[in-house]
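Both complexes below contain subunit A, partnered by subunit B and then by subunit C.
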Partner chain A sequence: MDESKKRLVQRLMRKIPTKMLKTTLEKWGRLTGEQQRAMDSIQSKWALTENLLAICEENELAVKHLTELEMIYMIDNPDQGMWYAFQLTDPGDDAQSVDLTQFKEQFKSHLRELVREVSIKIKKHTDEAVWIRIAWGDASSHPDHLKPTYVVHYLQTPYVFVTRLTSKQKPMLSQAMVLSTRYQYFKDANLSGRNLTAIRDLLMRKYQQVFPTKYPSPLTERKQTVTNPHVEREQAKPAANRLQMACEAFGGGTLPQLQSAVYKLETKFRDHTNTLMTEREEPFRCVVKFSSTNLLESLKNCASSGIASTPVTPLLSSIPLKGKNYFVITDNGPGPSSQMRQTQN
Partner chain B sequence: MSAADETPDMERHQNSVMRTPLNSVAVQRRSKNKSYRLSYRNRIGAASRLGLTPGLTARRLNTSRKAPKSNKITVTTEQLTLLVKTEWKLSYVTPLYRFRHTQLKIYSRQLSAFIAAEKQQGLAVDVEGTQNTFRVSFSLVLGMTESVDDAVTVHIQIHSKPLFAKQDEPQKPVWSGWLTCINGNPEYLRSLPKDFICLPLFCSSGAGGLTSLVKSWFQQSFDCCFGPLEISHTSLQWLMALWTNCQSESSIRQLKMIWTLPVEPQLQVTYTVDAEDAWELWSSVRKKNTAGEGEENSIDIEEVMSFMQGLKAHFFRHFRLDLSAGSLNEVSTALGSAKHSGMIKFSNSKYMITTLMLLTECALLKMPI
Partner chain C sequence: MEGASTKGILSHLSLLEVQVRSLTTQRQQPSRVKELQEKTAALRRQKEQLEAEIQTHRDLQTLRASLDKRHDDDEEDEEEMEEDSENSDVLRLMARHTQLKDLLNAHTIGGYDFTKTRRGKGLCVSIATAFEGVYLETFTLEFDVKPALRLVRHDVPPFIPLTLLIEQSRIQTDIRTLLDPLSRQLNGFTARKRQLQLLKRLHETVKVMESNLLCSLIILMFELPVEKKVVLCSLHYCDTSRSLPTRVSFQCDDTALPDFPEWKKTLLETPLHKALSTIRNTGNIL
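After this line comes the complex of A and B, so read on.
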């Protein structure tokens, strides 16, 4: 067996946890019943790898079969590494009519025109998503199957999600995408996160939104130790208000899991107690990064607990509203698409 | 420099000599059980506790300090490289009883023997179990003092061979630490009995097991005690101001603050301000310097607070989120970084002294009564 195939098997086995191996191999369907049973009985990762290598030899499985196994695992477990959202803009007249077969054919041929040594695999997933695995090579080297780029595109929508793409590969992917989807531009959507479903839901507005009219009384009864009923009544209303506004800004139910949001502030420093700085012409340059295991949940809690004043500032509510987590804030727009105008004060 | 050739230098450092008598007379200890652990607040505060002199305010952090100046350090570059660019874990130490700056060679031997003995007891994992796997060297860091009352800084380094090293492989440094006192309160330092050396700030870096061994050796040998030294919110703000103040001389590259807000799940805010803009904001909150030509430029706590207030207000104006509800955990610039958990890193030796002055003060305050 050649070295590259062996390394691919080893890499795959390292990546797939033992408890998920059985279902992944079953979905792959390249093993005979007997081989599958033999794999199930082995405990150690090392022995499993050796056994799979032997099976690959025996069944004459090639690299393309192994990449298939990788894709199956990746589709089921996409939350590995950072995903970046892109948006296709300015659709052509026929953009809505592109179907899977057409897209597959065109994408492959366009990308192959740009990069000679490239290995592309396209697979349609049940939720209308098209998964593309690209192993890049160049004039002097064969496609590197150990560092593939993954692209997830929802046909007939302008949304594309990408992981493990280098800046050198980006223009090529961009061109192939634009040509095969009949759009004009492939733009950075300024949204990234570790959880693919979350950034997809944010960008495609699939999370549970809360509208002022529809929302039922948010107060839930809670048994508490003896408190002053007057104080409680006094506080209940603002608390309910804050929660309502927090939900309107960030959504109700389970919120999409986002890890961070970055704001590049290039706004004037305004503080009535500091005339020296307020009179300064130049903007005050700073970068603010919010991070959490579930950013939207944290921000919602900030608003409902009163740490953040309500109504929530448009800067923060723009994360779910615009489906972005990277913003450049300036005092006077209009600027590039990622810019926002600071309207307060 | 090594312990061997220190004597001539000691002569120049009159103060240290005074505190470490070369041919000391054995001091009679009054009682076996009585501890000589002396604390700052003990001495400074004793009078005020009795209600005699309420005037002493030394129990609080200074509200004014000198602006950092560069190039004050006269330490050799070789020794400086041992102190900068490493992240140190901070502790405070109570005054050392009968510690002599002239006996570092003996201490080196004693500590390495102590470590070897402790390791053999099976308190820590050491498969080999052979002696002399750890080589300890004590040395003096001369020139790193601010006032005449400061005792000379002591640097300790532990070398060891990796477990499965080849015979001829050289020993590698596995642990280092130092004890220092920069601009310690002179009133307190002078009030100490003559057999005590005050080096209240202990910085360590390396395996935690070795840190505790070094600490217990010091405790046993010099009847002192150690405790963790956290960098308070106020001290972090002081560092922000002191570092930003250096921008006109040496670029701080950026001023970075990390806050955590108490919500579920915890929210972390990293607020990074452009160096030049941070400096302009800092200059705008500085009071008119009333000091005449040539006089020390001092920084006031009010200025530090206004600086912070300005930064918080700018943040609030955008996000309507009150940073005061959270806690400041970390500050960093190109000159260094400091964490609330008690970690410090000096990235530029030029401004080290100012930072160490603040930390010495914190260490003295933290000592138990």
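After this line comes the complex of A and C, so read on.
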């Protein structure tokens, strides 16, 4: 067995937790019943790896079979590392009619024209997502299967989710993607997170949005800690109002799990007592970063509990509204980098 | 009668004939008068009735105006009107009925549910979708009203070409130029999705080989029991505002098999799950 295959098996076994190994191997379907049972009986990770190596040899499994196993595990457990969202813009007339077979063929041929040594595997998941695994190589080396890029795209939508993509590989992916989906441009959507489902739901508007319609859906989260009935009555209406505002800004139900939001300020320093800073020509540069295990939920809670004022400032409500968590804020005036102008309140 | 002798007997006879005729008409006159009198009476009754109707309508309008005024002044303070006429209750009810009907019309312009938001600065529109009498999903769009109508947020899925529909509409002057085509697209999409769901539920032997989020392409696989052959059936929904396919084609290894023209017709004309039931009932597929 060659060294690269061996390393791929070792790496895969390191990544897949023992308790998930059984189901993943079953889905893979490359093992005989006996081999599967043998794997189930082994406890130690090292022994498991050795056994799988032996099975690979016995069944004459190639690298492409192993990448299949990796893809199966990745599709079921996508929350590893950072996912970045990209947006395709300016669709052509036939963008709506691209089907999977067409897309597969074209993506592969376009990318192979750009990079000769590349290994591409495309698999459609049950939720209609098209998963693409790309192992890159260059003129002097074979595709590196240890550092593959994963791309998730839903046909007929302008969104592409990518993990483990280097800046050198980006232009090539961009071109192959644009050509095979019949769009004009492939640009950064300024949204990233560890949870693929969260950033997908945010961009594809699959989370529960709350609109100020005439018949509002009953909002279930109502915490009542106040015991005095008078105080309760006095506070019930503003509290309900704050909750409604918070839900309208961030959504109802379970919110997409984002880890951070970054605001890059390139604005003038405003403080009358500090003339030294105020009179500076250069904008005052700083970065504000909000971090949380579930950022949107935290912000919603701030607004509904009254810690942050309502209506929620557009700086915060823009996260779900625009589907971004990276903002560059400049002073009024259209600049190339201005994603959002500063608001005065 | 001197002229008679000079002009001859025939002309005298015709003169007599004329005289007889005029006499008969004179005898008919009274019945004609009676007829006209009856007509006058009928018209008068009609006039009275119309006058009464006009009066009722006027009363209704005054009532309605006072109702509207009071509604504007204070919604909660609605005291009883003091009117003695026996019809006042009915009139009041009728006025209230027209008022509510107008309100309903104003709020659901052509089937869309509109809500004013942010103290008149925003506008929310809900578009409900339905298929075969079943309500499906409801989609909502929120607009800024000033300075110009502008879409702020929505929950329309990304594969519905909303931006394109906005560009093609005259949104500033007539919002329906956006809502009508959008509603057709959304109804088409939810209807296709529903058919696919029903297909999976009702026809377990038919395998869905391929489909997409927009449900604009569906490829099915089923088996012919007699020939023991597997057939692939592709349904293309090129007009995404419709719930029925625009093109149906079949693929089979056995080229000797016919092109299934009846099946094509059924699939093009009836919803997917029903079409398959029809085909299955004729015993042609498993």
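To be clear about the criterion, the second predicted complex is superposed on the first by the 305 of 345 C-alpha atoms of A that agree within 3 Å, B and C clash if a C-alpha of one lies under 4 Å from a C-alpha of the other, contacts with A are read in each partner's own complex, and residues count from 1 in each chain.
The rule we apply is simple: contacts are C-beta pairs under 8 Å (C-beta built on N, C-alpha and C of every residue); 3 or more make two chains touch, one makes a residue touch a chain.
Source: prediction; values computed, not measured.
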{"item": "Which superposed partner A:Leu155 touches (first subunit B, second subunit C, both, neither)", "value": "second"}
{"item": "Touched partner set for A:Thr293, first subunit B, second subunit C, both or neither", "value": "first"}
{"item": "Partner chain in contact with A:Tyr185 - subunit B first, subunit C second, else both or neither", "value": "neither"}
{"item": "Chain touching more of subunit A, residue-wise (subunit B, subunit C)", "value": "B"}
{"item": "Partner chain(s) touched by A:Val312 [first = subunit B, second = subunit C, both, neither]", "value": "first"}
{"item": "Subunit B versus subunit C as contact partner of A:Arg280, first or second or both or neither", "value": "first"}
{"item": "Set of subunit A residues, in rising order, touched by both subunit B and subunit C", "value": "none"}
{"item": "Residues of subunit B touching subunit A in the complex", "value": "261-274, 277, 280-281, 284-285, 310, 313-315, 317-322, 325-326"}
{"item": "Subunit A - residues contacting subunit C, complex", "value": "91, 96-97, 99-100, 128, 154-159, 203-206, 209, 211-214, 321"}
{"item": "Residues of subunit C defined as touching subunit A within the complex", "value": "107, 113, 115, 117-118, 122, 124, 126, 140, 142, 152-159, 161, 210-214, 216-217, 238, 240"}
{"item": "Of all residues in subunit A, those that touch subunit B in their complex", "value": "263, 265, 267, 269-271, 274, 276-277, 280, 282, 284-295, 297-299, 301-302, 305, 307-309, 312-313, 315-316, 329, 342, 344-345"}
